[in-house]
Amino acid sequence: MQDNGHSPYTPIPMHVLHAYYESTDHSLKTVELSFDHAADSQAFFEAFNPGQFCLLSVAGKGESALGVASAAWEGNFVRFTAQKMGSVTTALHGLKAGDAIGMRGPLGNGFPLQDWKGKNLVIIGGGCAFSTLYALTKHIHHESHRDDYGKLTLVYGTRTSGLCMYKHDIAAWHENEDMEIHQAIDVPEDDWLHHVGYVPDVVRQVAPSPVNAVAVVCGPPIMTKFTLPALVELGFAPENIFTSLEKRMKCGIGKCGRCNLGPKYICKDGPVFSLAELNALPADL
Amino acid sequence: MSQKPKIAFFQCQWCLYSPADQNWVDTQLPSNIHLTKTPCTGRINPLYVLNAVQGGADGVMISGCMPEQCHFKTGNMAARRQLEEFNDFLNHIGYEKERVRFVWLDLQDRGIIQKQLAQFEQDLEVLGPAKNLITRTKIAEGGLNA
Amino acid sequence: MNLILEKHALPDLLQSWRGNYDVYLPQKMERFSHFMPLTDNSVLVTHEPHNTRISPKALFLPMTEALVKFTRFGGYEDAQQVIQPRIIFAIRPCDAQAVQLLDTSFIQEAYTDPLWLERREKTITVGLGCHEPCQTGFCTTVGYGPFNKADLDVLLTDMGDAYLVETLSKAGEDCFQGLPCASDEFVEQALIVQRNAHDQMPVAFETENLKEKLEQNFNSDYWETVSQSCLGCGVCTFLCPTCFCFDIVDETQRRERVRNWDTCMFRTYSLEASGHNPRPSKVERTRQRLSHKFVYWLDQVNQIGCTGCGRCVRYCPVGLDIRAMLRQAQTLPFEVSHAG
Amino acid sequence: MPDLDAIKTEVRRLLADGVVEVVVAFKPGDTPLHPQPAFFHSPEEVDSLVHNGLCQNNLATFLTHLPKTKKVGMVVRGCENRSVNALIVEKQKSRENLYLLGVPCEGIIDWRKIVEHVGEAVLAVHENSDEVTVETREGQFNLSRNELLHASCLRCAHRNPISADILIGEPLPEGDPNLARVAVEEFESLTNEERYAWFQKEAERCIRCYACREACPMCYCTECFVDHIEPRWTESGATPAGMQGWHIVRAFHQTGRCTDCGACERACPMDIKMTYLTEKLNNDMRKKYAFEVGLDIQTQPPFATVTLDDKNRFSV
């Protein structure tokens, strides 16, 4: 049973606060959800840690696992960005402010922030998987947490400039002295002032220092596959490289067996794994 | 029968030539008739019929164009083969044959669809509510799960 | 406590439970036996062909059950299910062991499946040991046995005209109150029957280092060889007492979110929305099924996730035999790991 | 009974001469009751090849598991041969890439019936045209072959492969083509309620394992209609409506494609009878369109063609 006395399979009721397109091609939409009941909100934020995900539930369509893209300090709401893919995310794209929706979460382990205190962070994201990293950056960047961590380096690649998410914040971060941000797109575009190329190459080019540093990689499988070796080349120890995995999920609480990766369940034991942990698991992704 | 029989009505969008008829079908169908317009009777997959039956329809009516008058040349003839066989097959497992009806509408026919539907409704009332083949609205009972 | 239950007294005993419990026992359904609720004229079927075709896990994890109901205006509520106290009679030790294994997955500190838990708490299991070895079973090979007591409230031993009733819990004792105590001699005889049955079970394959061999040969051709004739159906996993995977789907018309049994042998099981499938062919799926039982369960709870009931062997439409597959796995090369 | 040595010799020759890359046939299983489909790649492997009445799968199923362009040899019986032909009609394989070793078939033995008679401790099974001898620990049992045959084999009208490249053994007398029709008519003589009760009783044992689908050579769709999420055609779980929906559509999708081999029924772990559904469809195809599946590799099934002069109930 959850704390609220409901079955862990029953979503909590939420309402859409804002819904807006994130990318210029309208393939990505962000929804911000507010809690219907204060108790749910309290329970959520007590448990929440950046890097966790939630199952958004549209009655009659199903559930979809999405990473939380907001930090707790931002307010009493939860943000998600969904790419239009299957039936649930298509339904999500149809939502407008005021619509009802269900949510289960927070689920998964999230980033081990306690262990990262005092270290430099290298955050590497690609495409729409950047959402949890955005939550992480927001969390760390907040004045109450910023001093706990060292240097912040951000690498964010997208296919085109239009697909870049959270443009407003990212533009602000470029101005910020406090962090080093490298943005990249795959193919050259006019008026593009930042890197052009694939994320692994950009990482090599930026060459963040592995000294007292932790790297977090989140992106499409193909990007992750090539970025992890690049970080190892740069001298990062496997224990200090983290990535967030994804697999098809149904229950989100380690019961349905679907996201099983060796002896681990990605929903329950993950989604955040260090490269050292991953190396010990079968390559069943 | 206390309630009027529920009819799933699949209509080829080309088969009603008269605007008055089409308008009647589009706007004035009684509430016990559920209309699904398809681009051609050839588009009517037997799965649609099954879905209607399992969704609780007491009868399924399909209206299409006369042979050789199909907007897509042969769509209605393909439909004729498949749906007739599907009806026979449902009958093989106990679903009454009379619950599926096919009407061919000539371009010259006016006002015939109202009559056909009324007749079908009458015939279904005689048959009573469908009971062979379980509808989806029934909660799981029986089987190995019990 | 050791009691004697005369076989002719069994029907009355079963009926006497009916007032307080839902009683399930294997009965004949078409050409096989199946756990069904006790009625006035139920006949216990234990010999056909040795075990029920569907494992009694279905009594704890039904093939289909509602999890969530959709209310009007986009709300959700728990699907209510009335679960009466139950007695499962004549469950075989392998199946009871399987339920115990599944507990480790469904009842956990972080999340517990409320439906599973309720069914477990309200169930008394009366096991019936197997005094005749079954042909396709291999319970002793995987470390269990024909008179394995795990997760039973009562264990019965068939002694011809009577059963030896070993009560293993308070609840079990209460059910069999009033039966005469068994003499030491009778118990001694029963122990011989139990030992004989145990000894008659052949060793189907060696389990030593099996985990390491399967683990280290993750990318071996072995998987290709053993999965070649697999059809990719769900017989093995659906009949398996320890397979617990389920799918959650919305049944729009019933306004319910239900869970259905699912299996890693299906293509759609791991297929992601992007079109990527981590297990694209039957090779990977077979590997997952075997590795889950003989590697991952060991990593998780240090028990083999197979109780040797033999259903998958008997009913595989292409005659794939897990025993033969694992015997073949024993020939794979491996290195002794010094890590642990 | 087919001459096993002759089959082996031919298979060895095919592999040695490189006529085919792989031969699909059977090998002995772990127990004598369950021979296993097997893929033979080299002449040395062929020693273990078997072919007997207990080989219950339709090998044509594996044709669509293999790459289209691969040269495949296959040991086929009457039904398998027709399934292969039907797959060729549906362009799943070209005839040039196939070499068929035909074996006349005397019917497939239901292992469950053997178990019912003599128990599971079977050590060996010997068979001839009339009798099956089963050796168990308790002794030897002689059973009548006819009693052990599967229902669809008893009604089989095409026991000899019709388009094999080589026929091993003497052709057998063909079965009576009317038996299937009689079976259908017998079932149809029941009332609607009785037929429905039968269907309901059979369908509700279903556990949705889809063994029937996977065992069927014609069920080669990458995505089956039950896998569709949107629209969901019928309930996905083991609910009465879902089970009925599955059995109706599974059978109906076989219209004009089913060879009545009965592999679906043999694969079913719950002993669900299914051939009474497909037999009806086959019977209709014969009656209405004079079409029989797999008799050649050109004729399209009735649902793939249209004519103006169909005479059916929906005609005007």
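So that you can tell them apart, the chains are marked A, B, C and D in the order they are listed, and the count of residues begins at 1 in each.
We take it that a residue touches a chain if its C-beta (ideal position, glycine included) is under 8 Å from a C-beta of that chain, and two chains touch if they have at least 3 such contacts.
Since this is a predicted model, take the numbers as computed values, not measurements.
Looking at B-C and B-D, the interface holding more C-beta pairs in contact is that of B-D. With centres computed as the average of Cα coordinates, no chain lies farther from chain B than A.
In whole angstrom, the spacing between the mean C-alpha positions of chain B and chain C is 46.
Taking each chain's centre as the mean of its C-alpha atoms, chain B lies 35 Å from chain D.
Centroids built from CA atoms put chain D at 50 Å from chain A. Residues of chain C found to touch two or more other chains are 54, 63-64, 247, 249, 251-252.
Contact of a single residue of chain B with at least two other chains is seen at positions 136, 140, 144-145.
For chain A, the set of residues that touch two or more other chains comprises 61-62, 86. The part of chain B that touches chain C in the complex is made up of residues 55, 136-137, 139-140, 144-146. Chain D meets chain A in the complex at residues 229-230.
Within the complex, the chain C residues that touch chain D are 29-32, 49-50, 53-54, 63-64, 134-136, 228-229, 231-235, 237-239, 247, 249, 251-252, 258, 260-261, 263, 266-268, 313-321, 323-324. Considering their complex, residues 187-188, 192-200, 204-207, 225, 231, 233-235, 237-241, 243-245, 248-249, 251-252, 255, 270, 277, 280-281, 284, 288, 302-303, 306-308, 310, 312-316 of chain D touch chain B.
Interface residues of chain D, counted against chain C in their complex, comprise 29-31, 33-39, 56-57, 61-62, 112, 115-116, 119-122, 205, 207-211, 213-215, 222-223, 227, 229, 232, 235-239, 242, 266-267, 269-271.
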